[in-house]
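Pasting the structures here.
Paired with chain B in one complex and with chain C in the other, chain A is shared by the two complexes that follow.
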Partner chain A sequence: MAIVCTDVYKKYRSHEALKGMSFTIEEDKITGLIGRNGAGKSTLLKILAGHLRSTSGEVLLYGEQPFNNLKVSSNLVFVEDTMSFSPIFKLDEIFQIAKDFYPNWQDDLARKLLEYADISDKNYHHKLSKGQKSTFNLIYGLATRCKITLLDEPMNGMDEAIRSDMYRAILKEYITFPRTIIISSHHLQEIEHLIEDVLLINQGQVTLHAPLEDVKGLLVKLVGNSEMINEWINSSEIYYEKNSQINGEAIVETTSITSLKNELIAKGITIQPISASEVCKYLTSQRKGGIDDVFK
Partner chain B sequence: MMSLNSLTTSQVLWKQVKWKCKAFSQSFITLIGILIVIQLLGWNGSGSSGGGSNQFSVYIHFYSLDMTFIITCIWAFIQSLLMQGRIQQQDDYSIVTNRIVCNVSNSIVVTIYCFIATLIAIASFYISVLFYRLFSGIDLIRNELLFNPVEVIVTFLLILLVAASGFFIGSAFHFSKMFGIGVIVLFVVLLNLTPLGIANVIKFLFNGGDLLLMLKALVGSILIFGLSTLMLNRNEVTRR
Partner chain C sequence: MNLNADSTVPIYIQIAEWIENEILADRLTADSKVYSQYQLAEMFNINPATAGKGLTILLENNILYKRRGLGMFVQEAAKKQIIERRRDEKLTILANEIVIEAKRLFVSDEELIELIKKVQKGC
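Moving on to the complex of A and B:
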């Protein structure tokens, strides 16, 4: 196993960011770390990168705890928004420094990608725009070819065109040199084509850790008369509901309706598949009703 | 399949020292600039006295390293304080590092910088005296050796001791702002509690000859660098 987390807690004064998080990530897999704002995604990645210490629990990367560990640091790259480099160096010089520190550094690739993104290597990192900074950070992270690559919202600020190109660059790089990659994002649909596993976290806990294909089939949408849906489905199994005489909706687990499928169809209730992104949204939702309920 | 990289502490330390020496090199421009201004304004610790009788008169101009030394000390203090700042240390986490390597490499860079600064300070002194000799026609009488290695080492170690103090205060502020303020308050209180304050510290340092002074400055610097490294060894990285 590349990453093993056992009962990890992280407390910031009175706020508990991680609450007993346990999971394992296999070697050379791309995992999507999904969660809402404040779910604990960045905190988890910072602990994995050795930037933060867990309050309790055990974190192991290839059998080594990451905090203050030079071996982990030389095999891990953590790409985030706030990544910074010495302001005296041009991008070209930053690449030269990286070449010195990372044995697998791909200088040619880094320069080609930078040229493709239309960023001059004579620029300074602190003078780049937000999108250019994110692009550079991602290029830097990919070119290091570290065994563990952590990407925290790597596409923040990038425009649509470069965003899809960069996703493709990640995939191509991964195919050439498979490595353990974790990409955090609020938007699962954006990285669906890239990831193999989904690690869904909510309020500091792991809600779901499964292959993307399994996540896709986890929930279904029932559309039809609300009263009729409620007649068949136990309310505790409903993740989301919209009451209406004709077009009522309910999101339920696929397994809970397997035996009722024919009866529901016979009663005029339609069963619709929902995307993995929507599954994650409903699994982390705090209430059964939507925003409309607020205005009632 | 890729294998895991394994870099030794000494390898990473050397690589960090190499790029950090370059990263902070612009600070020498500041030092040289200040020293030039000091020399041009004549605030270089030089002075003159004169007297005479019927047949002859004597004017003695004396040149000393004092002001240049003080300026270099202030520069070294500020430079090492800034080097231990949170923002500077964040850059380290974009490359291979751990806390010990980061702080030890900073200490080595400060030491190298102090040595270069010592040479700059001494050179600026010699250059200014040379200019006086060339343009004013005053004959020079050196009261010691023209180039005294002991003087160079003592100057370097004293600058290093001041830089180490800046390093410690920078580390204290990096650790926690409140702790940094606490260290300064404690330092001021301790100086005021002891009779004669800072004079006692200077007396302690200079009491006992050059060799003892060098030893005190060297051990003091190593202790302060070590303490700073230890203080930040469990510190978490917060990038903003």
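Moving on to the complex of A and C:
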């Protein structure tokens, strides 16, 4: 196992960011770390990267704890917004330094990708725009070819055109040189094609850790007469419901309706698939009703 | 081919179906080598493990066979098998739909069979 987390807590004075997280991540898999804002994604990544210390619990990367650990630092890269480089060096000089520190550094790739992104290597990191910074940081992270690559919302600020190019670059690099990658996002639909597993977290805890297709198949949407729906489904199994003048909608677990499929269709209730992104949304939502309830 | 990310059909199954279509169209013939999971990953812009799952399904269904160190190849009887299986599946799905719809419209079993016979005579 590349990454093993056991009962990890992170408590700040005012609140508990991580509340007993346990999971393992296999070597060379791409895992999507999904969760709402404030779920604990960045905190978790910072702890894995050794930037923060957990309050309690165990974090092991290839058997080593990451805090203040040179062995881990030279085999791990953490790409995130506040990633900083010395302001006295130009981008090409930053690459030069990286070459000396990272054993697998891909100099040619880094320069070519930077050129593709129309960023001059004679520029300074702090002078780049937000989108350019994200682009540079990601290129840098990929070029290090670190066995553990952590990407915290790497596409923040990038415009549409370069985003898909960068996702493609991650995939191509991964195929050429497999590594353990965790990419966090609150837009699962953007990274769906890239990831193998989903690690869904909510309010500092692991809600679900499973392959992407399993997540997709967890919940379905029932559309039809709301009374009929309620007749067949236990209200405890309903994750979300909405009743409008047109019809009623309910989100339920797929397993709760597999045996009832034919009966439901006979009653005029349609069963629709929902995206993995929506499944994650419903699994981490507090309420059963939607925004319309606020306006009632 | 474009993958449908929104469809109920998981991506790895869409990959398997694409390969089957290539076999049906004779673009992949018996004993020819199929794309590796890495090649498929690049072609379709997906995770190689997902592509690998698609290949595994075809291996399990005897559409492909593996030659250690060399890759995956098309079984001789693959095309025939695909045609037979798709025929059965498609007809079963349609049969299910017609039976459910008939029930909804209060059509009896005998009436339904009569209707099918009429259609068969007519075609």
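Everything below uses one rule, namely that the second predicted complex is superposed on the first by the 293 of 296 C-alpha atoms of A that agree within 3 Å, B and C clash if a C-alpha of one lies under 4 Å from a C-alpha of the other, contacts with A are read in each partner's own complex, and residues count from 1 in each chain.
Definition applied: a contact is a pair of C-beta atoms (placed from the backbone, for glycine too) under 8 Å apart; a residue touches a chain by one contact, two chains touch by 3 or more.
Note that the coordinates shown come from a computational prediction; the quantities given were computed from them, not determined experimentally.
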Combined model on chain A where chain B meets chain C, clash or fit: fit
First, second, both or neither for A:S86, with chain B first and chain C second: first
Between chain B and chain C, more extensive residue contact with chain A: B
Partner chain(s) touched by A:S73 [first = chain B, second = chain C, both, neither]: first
Partner chain in contact with A:A266 - chain B first, chain C second, else both or neither: second
First (chain B), second (chain C), both or neither touched by A:S275: second
Vertex chain A, arms to chain B and chain C (CA centres, degrees, nearest 10): 150
Touching partner for A:K127 - first (chain B), second (chain C), both, neither: neither
Touched partner set for A:E192, first chain B, second chain C, both or neither: second
Touching partner for A:Y62 - first (chain B), second (chain C), both, neither: first
Which of chain B and chain C A:L171 touches, first, second, both or neither: second
Shortest CA-CA distance in Å separating chain B from chain C in the superposed model: 15
Overlapping contact positions on chain A, where the chain C interface meets the chain B interface: none
Footprint of chain A on chain B - complex, ascending: 1-2, 4-7, 9, 12, 15, 18-19, 22-26, 87-88, 90-91, 93-101, 233-234, 236-237, 239-240
Chain C - residues contacting chain A, complex: 3, 5-8, 10-12, 38, 41-42, 45-50, 100, 103-104
Partner chain C, residues of chain A touching it in the complex: 29-30, 167-168, 171-172, 174-175, 189, 192-196, 212-213, 216-217, 262, 265-266, 268, 273, 275
Chain A residues within the chain B interface of the complex: 28, 46, 50-53, 62, 68-71, 73-75, 78, 80, 82-86, 88-89, 97-98, 100-104, 140, 145-147, 177-179
